[in-house]
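Take a look at these structures.
Two complexes follow with chain A in common, the first pairing it with chain B and the second with chain C.
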Partner chain A sequence: MKLLVCIKQVPDLESRFKPDAAGVWYNETDLAFRMNEYDEYAVEQAVQLREKLGEGTELTVLSIGPDRVVEAIKKALAMGCDNAVHIQDTAVSAKDPWQISSIISTYVQGKGFDLIFTGMQSQDRGSAQVGVTVAEQLGFACTTTIVGFDYADGTVTAKRELEGGIKGVVKLKTPALVTCQLGLNVPRYPTLPNIMKAKRKEITVIPVADLLTADLLATTTSFHPPAKKGGGIVLEGDVGELVDKVIAILKDKTAVLR
Partner chain B sequence: MEATRQIYWNIGHGVVIPMYILAFAAVGVMLWGFRQRLPIWRQGKPLDRFDRYDERVKRMITEVFSQVKIYRVTDGGLFHSLFFWSFLLLFAGTMLVMIQADFFTPLLQVNLLSGEFYKAFSLVLDLAGILALLMLAGFFIRRFVIQPKGLEIVKDDYIVLQLLFAILITGFLIEGARMAATELQQNPALALFSPGGLLAGQLFTALTPDALLVTHKILWWLHFVLVLGFFCAIPYTKLRHIFTTSANAFLAPFEAKGSIATINLEDESAVQFGAATISDLSWKDIFDADACTSCKRCQDRCPAHTTDKPLSPMKIVKQIGELAESNPAGSLVETVSQDALWSCTTCRACQDVCPANIEHVNKILEMRRNLTLMEGAFPGDEVRTAVSNIEVNGNPFGLAYAARGDWSDGLPLTVMEQDSDVDILYFVGCYASFDKRNQAVARNFIKVCAAAGVKVGILGKEEKCCGEPVRKLGNEYLYQMTAAENIEVIKAYNVKKIVTTCPHCFNTLARDYKDLGLDIPVEHYSTYINTLLNSEKLTLTPEPFNFTYHDSCYLGRYMDIIEQPRAILSRAGGSITEMDKSRYDSFCCSAGGGRIMAEEKMGSKISEARIRMATETGAPLLVSNCPFCLTMFEDGIKTGGAEEVLRVRDLAEIVAERIAVTQ
Partner chain C sequence: MKTLLIGEYREGKLLDSTYELFGFAAQLGADTAMLLVGSDAQLPAYGGTLYLADASVCGEYSPDLHKQLILEAVQKENPDYIVFVHSSYGWDLAPRVAASLKVAQVSEIVGLVDGGFEVGCCNAKMRRTVKPASGRGVLTIQAGAYPVLQPGGSPAVQKITAAGGGSLEFVGYEAAEKKDVDLGKAEIIVSAGRGIGKKDNVPVILALAKALGGELGASRPVVDAGWVEHSHQVGTTGQTVSPKLYVACGISGAIQHLAGMKKSDFIIAINKDKDAPIGEIADVLVVADVMQFVPALTAKVAR
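Right, the complex of A and B next:
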């Protein structure tokens, strides 16, 4: 059985985002990158299935992006993926979800993957389209936002999160694709022997040009912070000083003390 | 009549050969008993504890004969030391009798044991015997009547105490019987130099001379057999500590306190990291179990144990010994329990007070390494998050790494990237960089440096967590990764000296980073400021205040920095009221060993216990000089309801407020 898990490397959300020079995406200076949180659930679930099925099952991790994404790939390998595909693309952020899913579909086509795991969405762009579009392009059965997963004899049984806390259970025949949601599992922390083993695992590098066939459908025209609508002030210090400060602000900025 | 006594009186020299044969046999049984322990110890990994032989021998002799580590704790310790010295005198006296009777008399025809020397000899030995008996009585009362909390009563205690008691009593009875037949009648003045025998002799005055001789003979053999039994019992009972605990004074490490083996991560043949089973520990770790006397001093001082957490350092040492003996392939972590392992704050109070030189902390760390590196385990999900934050942003808070230097905006310092020509590199640490309360400490330290004309540089966003908390949780991999990045950055600049405000950063950079190639002098600001004051680069205008001072574990016990912060505070005008647990006996704040990132879910709060000790001094101010301690105490004051009576402040804040204004 062949399993694939697609991951994206995203900036840590605590980072300070600034628009890039063109004003269409964020500037990467001073950003810390990590594996997309939902993709970690996808990797964990894929690795659990890989361990359950044992010999004869192969789990590949795939990521698109510049060289820095190798860090995320290595983490997935250390968590237990067998091998990796790095689709090298220095302009990944300029591509829309349609192009990204087309690249993945083109890669997957004809390779005989039975089951694909992805995160339900990325933490940076958050389109939640790549997984489902890949499934559509490949003609795979698909379900999204799963919080429970089981696989037996060619059938995936997935628990989905629905509106208002309601859960639903779906069964899919492989080939299938699932997108993973928070609550599905607790991603493992790679052990040191596995980190060392991961260093020897194969990472196939493919230039994105080899797989890029689709044109852009949606263009990002602007990336900017929302307009400031005023903000709060947090005052700190001794109570006595705080009172003085509050009175000063009330006098200065409002009419209540006049 | 000359003062002396006839050795082998009533026993005869015919006894010499059988006596020696039996004595050698007993010693043989003893050696055989220890020989049987060898395979158990040898299950551990090799470790060289036989280098620097002379120093080791010297240390062993000093520690054993001075008893300095024993009477440091007077409860129990004083009895032991006095018993040891008196028993030692009795042993030496017996040896002297042996040399006299079997060597000097037959070979040289000289009698040392005569005249004034004999009187002194007799008196000293009798008094030693009486003292030993009194101390034994003390042991009995302490163990069986007072029964201090946590002191276990095991089979060995009955055997050993009764055996020693019987040996001493029969010793006095033989003496008494001999004196009743001889001295008491022929030379009563000499009998006064044997007060114990004089007293015991009264028991025999009613006996007929023949009965007295028979009684004496029986007692002599009884005493002799008991002594043989004593030697035989040594390896099989707690008495083994006579040799194993003494040996541990020889075997104790010479490395700087707090040294942990740096794992070679380049070694691709390694398959096991940390200790999963007995064979992953060193032979010394197993030997330690035999050196443990169950005195429970470690347990009494363990901040986790005394706040009802499932950790006893003594129990862990014992469990390792039991596992080595009964089930060497068994899981250490399961035997000891994860909860016990994660409860340790690595405060080192156990190891510092241990009279047997047992190394508790590194055993726990090796087992934690197994948990972390082999199983990816964490003490809780909050720790998993914090560790992942360190991986991504280089700090446990998960705040943007690029904001690490923001606290310093507008302060008189430079960021090394822009200007690396500085007097000191201030390694700020995560807490002083990101935590509001501790940012105030960093700002005050900069103020102090500026007043002393010291040009300070920081790494800003190039600095990362030093790796100490994750290393103490067992994550050697992440520690070495972050350490390597810090070292590379530091080495790129021409740094003359590094100063930290965090004792954990200080220990790590000064000692642990050496193994990874950083060899630049590192100081904690407590000693740095003290030197600035001594060299008058910095002067203070003292302002009186009352305070109590908390010794951070990683400054006091680990680095012996005890007097310098007190000296600074005294110069600042402070009057100290010490807590009961201070200096080397200080009580941890709860945040060491990576526990700063973990919630304290079991037992009561360690920080509140420490705050209670501080409030008991009556001082309105608690001074600390560690960001972890400061954080825990701010918290403990609030949750422990001490807000009305106690404030906690950092050393740098106290100093900065008293900088003398220069004309």
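Right, the complex of A and C next:
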């Protein structure tokens, strides 16, 4: 059985974001990058299935981006993926979800993958499109936002998270793609021996030009902070003084303290 | 301009979020038609054209059939935009429709600007303006971002149907976990977010909740990590609350959390990140280390 997990590297979301020179995405200077959080759950689920199925199953991790994404790929390898594909692209942020999906689909086409895992969305772009679009382009069965996963004999049983804490239970026949929600499992921390072992695993590098055939369907024309709504007070300074100010506000504005 | 709005129906009921689609279409100044896989016993209060498929035949979650139905209505209506709510139904179905039509999808729209759409990014800290290259596309609107608008009237129903197995089988719904705490009735809620650092710090937040005479709430990451039980989760997939006072401790303010608590009367947020999106809706943002500030506040409150 052949498994694929698609991951993205994103900046630490605690960072301060400044527009790049073109004003259409963030400036990468001073940003620390890590694996997209949703993708950590996708990798963990894929690795768990790989371990359950044992010999004869191969798990590949794929990422698109500049050389910095190799760091996220190495983490996935250390978590338990067998090998990796790095689709090298220094202009990945200028591509829309349709192009990203097409690049992945073109790579997957004809390679006999049975099951693909992705995060349900990225933390930076957040379009929640790439996974589903890849499935559509490949004609794979697909379900999204899963918080429960099981696989047996060519059938995936997944639990989808719906609004209000309700879940929907779905069965899909492979070939299939699932997009993973936070809380699906507990992503492991790579151990030191596994980090060492991962250094010997193969990373195939493919220039994006070899896989990109789709045209852009949407363009980003601006990247900016939200308009400040105003009204809110921002308090900064010494903790003792902050406490006094908040106590005064609670007494003044709410009926909580008298 | 013309829009085809895709209504939502679950467990035998038309969902209220369907009316947010009309709120969006009104701001866009667009003509509307609606498609709903639902039931003629639950028609939206809307006087326009309604393409109605029977959910007992076409399923409530059957993406292949629903896509087929939407493509059929698109053929008849030729809309500029097909609009979904960005929900578990919308974000699942929208990309399938966009891929079939080979048009752009713009996800989780919060505003309109100069021929483009404003969407959140970087965990809602920033915004992007996105323009579909062809001027046509599939759109999803952020849940709660647009006003509920009931156009009124009775729809001109055009019945449609689809057949075929589809690539997946919907087994059924699983009810939400039983709530041992009804946060919906709480007047004061003090919630813990990832910013509290570790499970051992939960009692510090609980102590403030107790000192204020309130309940403990939590954000999703804290629940996922197992620090606090799911019954305390505030947000889209937890409980929706509107207390007199909401204190958000170390919660950055993901959209899913904000949707569950933004109707609170008074919101105090404690966060070390001055730019955290929670600041957008908080009445007071205290820029401080949660684990330093909260115990100090509790001590003063308890006195």
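We adopt the following convention: the second predicted complex is superposed on the first by the 228 of 258 C-alpha atoms of A that agree within 3 Å, B and C clash if a C-alpha of one lies under 4 Å from a C-alpha of the other, contacts with A are read in each partner's own complex, and residues count from 1 in each chain.
Assume contacts are C-beta pairs under 8 Å (C-beta built on N, C-alpha and C of every residue); 3 or more make two chains touch, one makes a residue touch a chain.
Model, not experiment: these values are computed from the prediction.
Applying the stated contact rule after C-alpha superposition, one finds that A:R34 touches chain B and leaves chain C untouched. When the two complexes are overlaid on their common chain A, residue A:L212 makes contact with neither chain B nor chain C.
In the superposed model, A:R16 lies in contact with both chain B and chain C. In the superposed model, A:L53 makes contact with neither chain B nor chain C. Chain A is touched at more residues by one of its partners, and among chain B and chain C that partner is C. Of the two partner chains, neither chain B nor chain C is touched by A:A94. In the superposition on chain A, the residues of chain A contacting both chain B and chain C are 14, 16. Interface residues of chain A facing chain B in the complex, by the touch rule stated above, are 12, 14-16, 30-34, 186, 188-193, 195-196. Chain B contributes residues 265, 268, 270-271, 273, 372-378, 381, 384, 387-388, 391-394, 398-403, 461, 476-477 to its touches with chain A in the complex. Those residues of chain C lying in contact with chain A across their complex are 10-11, 61, 63, 86-88, 91-92, 94-96, 98-100, 102-108, 116, 119-134, 137, 167-177, 188, 212-213, 220-221, 223-224, 230, 233, 236-238, 244-245, 252, 265-266, 268, 273-275, 277, 279-289, 292-293, 296-297, 300-301.
The residues of chain A lying in touch with chain C in their complex are 11, 13-14, 16-17, 24, 26, 96-98, 101, 120-121, 123-129, 132-133, 136-137, 140-145, 157, 159-173, 176, 182-183, 215-226, 228-229, 231-236, 239-240, 242-244, 246-247, 249-250, 253-257.
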